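Paired with chain B in one complex and with chain C in the other, chain A is shared by the two complexes that follow.
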Partner chain A sequence: MTSMSKPLIDKHLKKNKLGLTIRDYEGGMSTLCAGCGHDSVTAALVQAFWELSLAPESAAKVSGIGCSSKTTAYFMGQSSGINCVHGRMPSVATGANAVNGDLHYIGISGDGDSLSIGFGQFAHAMRRNLNMLYIIENNGVYGLTKGQFSAAADIGTKSKRGIVNEQPPIDPCVQALTLGAGFVGRAFSGDKSQLVPLIQAGLMHKGFAVIDVISPCVTFNDHKGSTKSYAHTFKYYHPMIHADFVAHADEITGDYSKDGVMDVTLHDGGMLRLRKTGDDYDPRDRGQAIETLMNPSDEAAIRTGLLYLNEDMAEMHDANALPDTPLNKLPFDTLNPGRAALASLQKRYR
Partner chain B sequence: MKDLASPMTDTRINDFVLKIANVNGTGSASANGLVMKAIFRMGIPVVGKNLFPSNIQGLPTWYEIRVTKDAYTARCDDTDFVVAMNAETYARDLASVSPGGYILYDSTWPRPQMHDREDVTAIGVPLARLCNEHFDNARTRVLMKNMAYVGAVAHLIGIDVDVIRGMVEEMFGAKPHLIDANMKAIALGLDYAAEQYPEPLTVRVEAMDKTAGNILIDGNTAAALGCVYAGATFGAWYPITPSTSLMDAFKMFCDKFRVDQETGDQNFCILQAEDELSAVGMVLGASWNGARAFTPTSGPGISLMSEFIGFAYYSEVPLVLFDVQRSGPSTGLPTRTQQCDLTLAAYASHGDTKHILLFPANPQECFEMAINAFDIAERFQTPVFFMTDLDIGMNEWMTPELEWDESYVPDRGKVLHAADLDKIDKFYRYEDVDGDGITYRTIPGEHPKGAYFTRGSGHNWKGAYTEDADEYQEVVDRLTRKWESAADAVPGPVISESDTQTALGIISSGGCDGAVREALDRLAKHGVHANYMRVRGFPFNAEVEAFMESHQTVFVVEQNRDAQLRSLLINETSVDKTKLIPVLDYGGMAANPSFVVKGLLTHLEMEEA
Partner chain C sequence: MPGIHPARVPAHGGSMKPTDTNDPDYFHKVVDCQWACPAHTPVPEYIRLIAQGRYTDAYMLNRRSNVFPGILGRVCDRPCEPACRRTRVEDEPVAICRLKRVAADHRDEVKDLISQKPETTNGRKIALIGAGPASLTVANDLAPLGYECTIFEAMHRPGGLMISNIPSFRLPEEVLDEEIDYILDMGVELKTNHRIDSLKALVDEGYDAVFVGSGAPKGKDLNLEGREEADANIHIGIDWLESVAFEHIDKIGEKVLIIGVGNTAMDCCRSSLRLGSTDVKVMARKPRNFFKASPWELEDAEDENIEILVNHSPKRFVLEGGKLVGMEFELMEYDLDEAGNITDTRNAGTTIIPCDDVILAIGQENSFPWIERDMGIEFGKWDMPVVDETTHQSSLPQVFFGGDAAFGPKNIIWAVEHGHQTAISIHKHCEGQSVADRPARGVNLQSAKMGVNEWRYSNAFDASQRRDMETVELVNRFKDLKTEVELGFSAEQMATEVQRCLNCDVQTVFEAPLCKECDACIDICPVDCLTMTDNGEEADLRTRLKLPSTNTDQALYVSAPLPDTGRVMVKDEDLCLHCGLCAERCPTAAWDMQDATIFIPHVTSDDRETANPVAAE
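Moving on, here comes the complex of A and B:
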């Protein structure tokens, strides 16, 4: 089969500040299973980008291999994308970003792609504080190869064929916290009201923003006994901190101490509005974030929301003193030292 | 103490080999470099080979300086004068000296075995004692011992001390106390030798004027300079011998040429990756985004990069890979040279893949071909392998001063920018508009019309996913046509015709060049004449095929066990393989002419018999 484009439905759609409708942010037709959590994430990305009124060509989509990685073809067809090799998306994003930091880099990965074959690259992209939004569409299984456990599978979870997983899971959020990511969130594909603003906040965060999205696999991991099923996730889903992205032009109200709302100004002038959801949890406290995820009071609870935020970390461009003009736009004559310089340089080799 | 031995009967001016045996980590490298460069500055051509172990401290290391009035560029296996500074290898070093040669040793300690050979003159200089008497600090004593033998050698073979002084002053510039200390150590060795051994040796140097217009530079440094001049802005790498110095040099030149004096901004980015998989992924990302990007590595790195190499080939993203080859397989001999990655690079990655290779033979070509590599990679939108090796990359070579042609314009290949995209109705990434197999690409972020989806999965000419047999084949067949057309874009072969009519041909590449050219001179003395073609790029062009066609026997000279260049010639041309005779050298040392001479003569004798 070949790829399909979506049918055009002629109806009046709302336009954003760029005069674009939400259809302008869509991509090709998804080839995932009906009901796949990943399609909800795709829809959330489309909505997030459209609402932010970001020019489609200002985004670069990067992904590896797997069901999740395929989804970069299903959103923002007017954005460039690269669907590379398994587990190696972070390196491609790193090189691309190094030579042009002006684009919004959106990485889509899965639990197999990021936590097994690509664990090293995932870790080192965070260590470099690469400025990108990195979404892990986490379903606990390998879908395209038909249902093997991934490294995100919980102890005790059952495969479709009844095998019980005995190995401890790798929690991408705990890893991200320990490896230096400045923006760590967890969400559920079934809750768009939480996911869309979290994506927007992650896009606007300067530095590495990782969102671990529990995104159930309807075909291989949505049965009774699975801890990554829709039913299980709905049951134990526990929002901690709700984050809304507020464009800087909007009016800002609220006071964290009084009504549980805290506003955080981001480097581009936009603002994040963080709202507590009942727990006494401070998303600026990395120690508390790690403690909460590693030693939870309620083992079963799936803690979601913006779990950690540090908007003041130097990102890769700062660490490498890169110029404001992207390296890929520098004219050749500024890069080439010329004939006289070559002659002069060689004195030392005579 | 001087042992009586019959010195060489012939005096050999500017034509001998000095070998300095050291212990790794004793700081001898700069002293040895000083000796070589001083001879070079006296106008005498030199060949330097640093034989070093995979070790930081303790294992033996040798530095060979071939003084060659005829300006040969290969290593020579003979040793005329050994400076034996490593007790562990004394016996071996003594055994390596040609009859009538010399050995200089540290006579602070008695070395009875120095007297084993009556045909070698032993020269004792109490280097440790002299330095212990004149320097306080332990580390200084070790370092100064090196400078003391420089002084002794300078006297013995007649190096101009003023030249040495000039170099020491350059080396230590703003630190006069170091200039004084080093010159003092040099004087200790020199004065002692002059007093004890006033007679000049039969091997010695005399000033010439055969190095004007030349420099001494290693291939990695020259290649790095080529990257700077080509306008490369991004480099990613994972440290691996013998490629590391290429990125070190790129950093050094970028610090000099690419830092904005006002803002401190760096107009380059170098990332040390977590492994070679990541290094090549970064380069791919940067190239995809329209920057000139490269990675230096060696064979083990190419193995790790192979999956991405196939991706770049199929999705048509330019990649520039510097493979500074070392002896394999596996870890092999990581500090020894070979040309052992030819077939690996030519067909790297799973599935049907074929790549473009460049074979520089010396630092001058490393500079020039680095620039070719970026032009060709962008022109053909595919990986290009720059196949250098440890010998070219890490040894200093006498090479003509590098020149820059200001009229050079980088060939960025077929790129549609925003203004071009405005003019066209629809952009398809893999549409063969010009019918030459090379399609147009766009740079992400420049124009919504230019957006496309780059994938390693099956795709059709529009860039869309496909599993359709015809659509798939249309793309991969075009890739073959594109690759074949690169034969005329890579640097063509260099052919040297013999003055004597001959049916014999020699083909080699890269680091074998010096050995072959010298071997041709030696073979002529045996009455054997051959035409010589050095290939400089893959795929091979029509000239390569014609050369093989026009010779009855063609010797393929290369440095690997499996005759990989020969395999490529057989695989990718219509040559009759029975006429390609392999001449192989794969012990890891820089190529020397003897194996070429021996290889040819052995075969010719066999044929006669």
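Moving on, here comes the complex of A and C:
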């Protein structure tokens, strides 16, 4: 909490293509603990939307329960959102997306919301290839209930009171790869230079994009011996590949060497420019991605970046032949074709 | 390669050293108003006192550095206001000068708080020439130490240009007299109607030190065709103002032309309106952005329907029957470059403007016919005495110069600062110490934290426009030369205006070893003044900040390397509003808001204070 809201001073700020400053993409003042990683993820989302010049009211923010799930109130204050039942955000997102595919769906979840109570929902959202950006703000603890280990806690990590975790963690990225998600990334709240382009690419990816963001809990899991602390993450931080998102309308410039550069065109015409960071890693190879995460050569390294990308999968609307027009924009006659149409439909089942 | 990579090799050869916040000047420069003030008045500190209703304390804090808060609260040249940080986010600075007047207007009796005449003197005699702000400040600083100060004044009353050149509708005589009396009551002897005609004779009387604070008393003349013949209706600005002040002149013609567009011209034109003129024009040779007058003085004059004509260069005085009837001007045309400098000048004909009187306000100069050139005081360029800029000592060790007499016309607040510095020099000279060895400045930092997100200052940024001071209605202004135009701030105006101060003296202080690099401060900063990045040379670093840093007059605050990544925290001091949100969002108190008291030594300062400003507890 802070004593006051962030004052609006925009004299010095640049404007994007819509003539808006980055401040137009902010939301309410955060009530999370000072230093929470989640606030950095919020700031990264604000920056990503502003840079892409997406309308501030064009997002649909969905979340479940938890510290992470509170953050949808802190960005894109002009967009709609829902804070729904614990772990049930994917169902609500599916319903909303089915009737209005025009919005940018952003699900904000945590390791508890997605990997414990909502694990089944998380899996089926991927199976359906729901067109959304799904961010897991992963801090390895249940912060809202005072710091118990979550399903993402690593073996050997210590709680604030010195208890060592013995149970193996669920790696959301491995799960996403095996369940067939088309866009899988991992990032760290402390490095926006990686997180912002990943968010932008995830937003533009047509289908389910999951980013597991290591987002330290400054109150319950930022001590010595924790494997989700700022210090630990900085120490073992290992970007596999660097992604730059180049929006469709932007001129593609840059004079860096073509060596090690992979350009991937996204569905909307935007482009991902991937640059190698030393590892021989191709994020279009799912086998290599799973192998790298499950059998790492260096156990300690925290592998981050765009881990997997597949642009050739049909998202939910395409696979199920759902109407392109949002239901709220369809004329009443189309939406409700009348008794005769119902009767002829029912006839098929007699 | 952007981003954080533990294995990365520093890409840049050189790098900036961590900022030394113990350097007394470092945080002082951040307090733009205090740094810009020649006497370094602690502006935010006294504004906070005003906000708390502690007017007497605010007055005394002011008096310590600027000696004449009531006078300066009306007529200061206000170098603080253009420097004010508020102009980074809004058009108008805090009304610093007018808040100073609030402290003076609302103070209680302060006589007991001001140094009194000491019981015994130290036997040292100091002669001060001219009873203007410079001499009065020297006396103010030295008399309490026991020095026997004698001020010699040519006019019949003290004040110097403060009485002779500033009209009483801007500065009432009571205000002037009261603040001068505080000093005279310290046992300072004043000899009025006592013009010094020979410095040599005065020095030979055996004073331990002589201070020349006689001002720049000679107004410039304009020797054009017709000047001598029309002499009866052509006046030198500062002499004319003096005659008006001392009631030797009580009227002027209906149509008056003022030549020149500095602050003296503004006083001349406004005085003319009060002496019966109905049509006063100020004639400027150049376009508006070359005007020397302060913007607020121009505004005050224009509010009284003074017309200012630009691009008129005086050519000759026009006479009819031996009497002034007008003045001929050349009409000028200027080509300006993008920076506003004149690149070419053309003459586009002439015009004659009728008038009854002309007042010349085109500057003033020094004049020392009474200083013998063979007495050991070296004179240099423009026949000005050679004076050390720091010590104010002339080449004759016991003779010191200050105010306009030292380096040409400046303003009251500079004269005060000259007085403070000269008092230090005179004391050292009398004690047989080196005058060049100056007492050190200091800085004392004290956390402003009171509790969780509670600070000893009001940190909420309040977007609000500068309050305009109420003035006497135009019709009532001109009835009497002595009606003060500005009425002072009302309680409501004052309450709003004090909140506009950004408390720049409450500094953001960063402890690198405590930082977790969580980005919270960077995300919350409303002006994007913070960046964590690789260290580098200053010029390179300035291009790599969250917002490019263009104002190189303001420092970059660079931390020691951060524990986890070796990056540095960089703060662009130019942008910061001191709102303290970084400190509120910091989980480890690596950022703290600390009240920086800048210690500016005076001769009356305690020696121990001077050497070691008290450390924060």
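Note that in this section the second predicted complex is superposed on the first by the 317 of 350 C-alpha atoms of A that agree within 3 Å, B and C clash if a C-alpha of one lies under 4 Å from a C-alpha of the other, contacts with A are read in each partner's own complex, and residues count from 1 in each chain.
Following the convention adopted for this analysis, a contact is a pair of C-beta atoms (placed from the backbone, for glycine too) under 8 Å apart; a residue touches a chain by one contact, two chains touch by 3 or more.
Owing to the predicted nature of the structure, the values given are computational and were not obtained by experimental measurement.
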For A:Gly37, select first, second, both or neither according to whether it touches chain B, chain C, the two together, or no partner. second
In the superposed model, does chain B or chain C contact more residues of chain A? B
Check whether A:Ser116 is in contact with chain B, with chain C, with both or with neither, and answer first, second, both or neither. neither
Considering only touches as defined above, state whether A:Thr21 meets chain B (first), chain C (second), both or neither. neither
State whether A:Gln194 touches chain B only (first), chain C only (second), both chains, or neither. second
Which chain A residues are contacted by chain C in one complex and by chain B in the other? 1-3
For a test of understanding, state which residues of chain A touch chain C in their complex under the given definition. 1-4, 6-9, 11-13, 33-37, 39-40, 42-43, 188-194, 216, 218, 222, 230-231, 234-235, 237, 239, 242, 277
Chain A residues touching chain B - in the complex, by the definition given at the top: 1-3, 28, 55-58, 60, 62, 72-73, 77-85, 88, 90-100, 102-103, 120-121, 123-124, 128, 320-324, 327-328, 330, 332, 334-339, 341-343, 345-346, 349-350
Of chain B, residues touching chain A in the complex: 41, 214-217, 225, 228-229, 231-234, 236, 253, 256-258, 260, 263-271, 273-275, 277-291, 293, 307-308, 311, 315, 401-406, 408-410, 442-448, 450-457, 460, 464-468, 471
Touch list for chain C against partner chain A, complex: 1-6, 88-89, 453-455, 459-461, 463, 516-520, 522-524, 526-528, 547, 563-565, 575, 577, 579, 581, 584-588
